[in-house]
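The first chain written gets the first letter, and so on, giving A, B and C; residue counts start at 1 in each chain.
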């Protein structure tokens, strides 16, 4: 097994879950309905919890402990896609991102539940319920707001159009793609993207939203290689403000 | 702009003051649904509270968050629109509410109804059985004959079976979350050793 | 989380002498027997009004209470703290929702309550009008403000109104972790590095006065408070709650080597009562009437959230939907 390839996969997944979980938690207290404050917080906890487990697996492969890895790295050392680091914006953007990302998340973990790398397969199985629920939540909301008022449909459509180039960046391939596929660790980003397109089309067809031609959209990539938007570093600085007062202290 | 210690609040860009008082011409209040949960397969559904939602699917979703977000201990959830629940009189002082009803069960099996009992004031209504009957009042009479009552019943809720929106059995795994969620349990916060060590160091 | 200091001031309600004497007697006998009152029971107007006011204030306190601790939600140090603080603040929002539901059974809709909150017509716990300057402030709130709230909530959960008791039972169960989490955080700071200890002590110094205010001024003996005690709406006096809190938590604060900024604070072993410097009740009144450090911000956040979310609620609203009062 190519450990470098494995670590690369684990890092990008862990960083995705941490960064988006953090973004989701920003909604607590500010949501459009109290019910959504609570829902976004649950998803934030699930995602940050999942990232913690992934960093623990990395720790067992020789990487630093999870707190240090999560709270002490700079933006250029993060492998999340740029999509997850974008600010929450209005609820329409947060919802569309939640829908597009969590559909991919559900499929990714479904694939990984058959991974040849045991710890990852085990984790994927354990979080099956969580990821299924995230997707259920997103689908219900997108169907609802995506076919309600003129304003809600137009807001969601605008956010969808803005989000798609970033969403396609989720599937940015790494140099280890072939290694991961041949060793049976992961089916690869291309397969995931195909499955994802099928799923989001299915849900969007139940709403008044239209999916632009994805082949004509240029994906925004770079995140997997440490290239990020201007939003990630300030987010990380905020997240680690207290931790960095004394990284060796027990908090 | 209003300055806050909370970076999230600063990103909201709050004005120093709002011109007019807050309000809306019409109330944007959704319909009311009663939520019921099941803690183990085979146990009865019990009432946990209400949610406001625009439809039953969303009522179910809101209830999932509000009443079962701690996961694990739940396996099913259902909601009933409040206006579809018929409520009996409420009795007290050991008077069984069924003794106050009149008339005989018709024997007709037109519709299926679910019956919920309150056996202690201040506690929750619990599902206690299903009956077939002609209408709500008839269902109450049918329940009087067919549902066993080991304890005094003070209040009865009845809903048509078809008005209940429930989770699919195959989705029970959405309550099956990571075991590593102990941070939500008091038991995960032991620090007596730390206090002891601190005191010894001070002494 | 919620403090005492309920203001049970005189309010316009049908005078008791105008209530149906037979129904009133039945109602009082039911409470006397220890049975709970359920929403469809007859109840005196004064009972209904005071309960709506109390449960509504409690609900507002939860939703506003999510804000001072929320100040640190994006900055909690380390995975464990990050997850716990998210879950804790989430619970506060959930509790608001539960309590609004309980108040609604008495006939006031959630939207009306939220509108009254934002327009400053109804109150919430005064302590949340103070800012959380550092991480340690959030730890103080998690531990001690919650502790104070629990003293109050446990008392109220033995009250007479069924839906409120049910909500409080759920709330107390969910809150069992808040207190332990908060204590755990404070222990780590107080026994930690020099910087951490200083941070914690500064937070105690800032929060002690609001904490003493939290339970409210001594109750005035009035016709209302007597009858509300009899009807099991008010379960313990403000002073009783404050004494209970001091008794349970001052020793726990002291054992961590922290000092409390009140020279007079001591337990009088002869009377068993805690003695302390009388809190500044003028400041309390000033803050409760809107002139505290964060009153404006707290309400502005709520208003902004409601305004930003309006399109969502409009989109969800089915045109023919009508509001129905919950059953229980």
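Note that in this section a residue touches a chain if its C-beta (ideal position, glycine included) is under 8 Å from a C-beta of that chain, and two chains touch if they have at least 3 such contacts.
As the structure is a computational prediction, the values presented were derived from the model and not from experiment.
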Exercise. Most remote chain relative to chain B, going by C-alpha centroids?
Worked result: A
Problem set entry | Chains linked by the largest number of contacting C-beta pairs | B-C
For this session: Quick one: report the Å distance separating chain B from chain C, using the average Cα coordinate of each chain.
Result: 23
Exercise. What whole-Å value do you get for the distance between chain A and chain B if each is reduced to the mean of its CA atoms?
Worked result: 32
Problem set entry | Distance between chain centroids, defined by C-alpha means - chain A, chain C (Å) | 37
For this session: Name the residues of chain C that each touch 2 or more other chains.
Result: 67, 70, 73-75, 83, 87, 90, 94, 97, 188, 301, 304, 310, 313-314, 316
Exercise. Residue numbers in chain B touching 2 or more other chains?
Worked result: 7-8, 12, 51, 53-55, 58, 65-66, 69
Seminar exercise, completed: Shared-interface residues of chain A (touching two or more other chains) are 26, 29-30, 35, 38, 42, 45, 49, 52, 144, 238
Exercise. For the complex, which residues does chain C have touching chain A?
Worked result: 63, 66-67, 70, 72-79, 81-83, 86-87, 89-90, 93-94, 96-97, 135, 185, 188-189, 192-193, 195-196, 301, 304-305, 308-316
Exercise. Which part of chain B faces chain C closely enough to touch in the complex?
Worked result: 2, 4-9, 12, 14-15, 17-18, 21-24, 27-32, 34, 47-55, 58, 65-66, 69-70, 82-83, 85, 87, 90, 92-93, 118, 121-125, 155, 157, 183-186, 188-189, 191, 194-195, 197-199, 202
Exercise. Once bound in the complex, which stretches of chain A touch chain C?
Worked result: 22, 25-26, 28-38, 41-42, 44-45, 48-49, 52, 66-67, 70-71, 90-91, 144-145, 148-149, 151-152, 155, 238-243, 245-246, 249-251
Exercise. Which chain B residues qualify as touching chain A in the complex?
Worked result: 7-8, 11-12, 51, 53-55, 57-58, 61-62, 64-66, 69, 171, 173-181
For this session: Flag every residue of chain A that touches chain B in the complex, lowest number first.
Result: 26, 29-30, 35, 38-39, 42, 45-46, 49-50, 52-53, 87, 126-130, 132-133, 136-137, 140, 144, 238
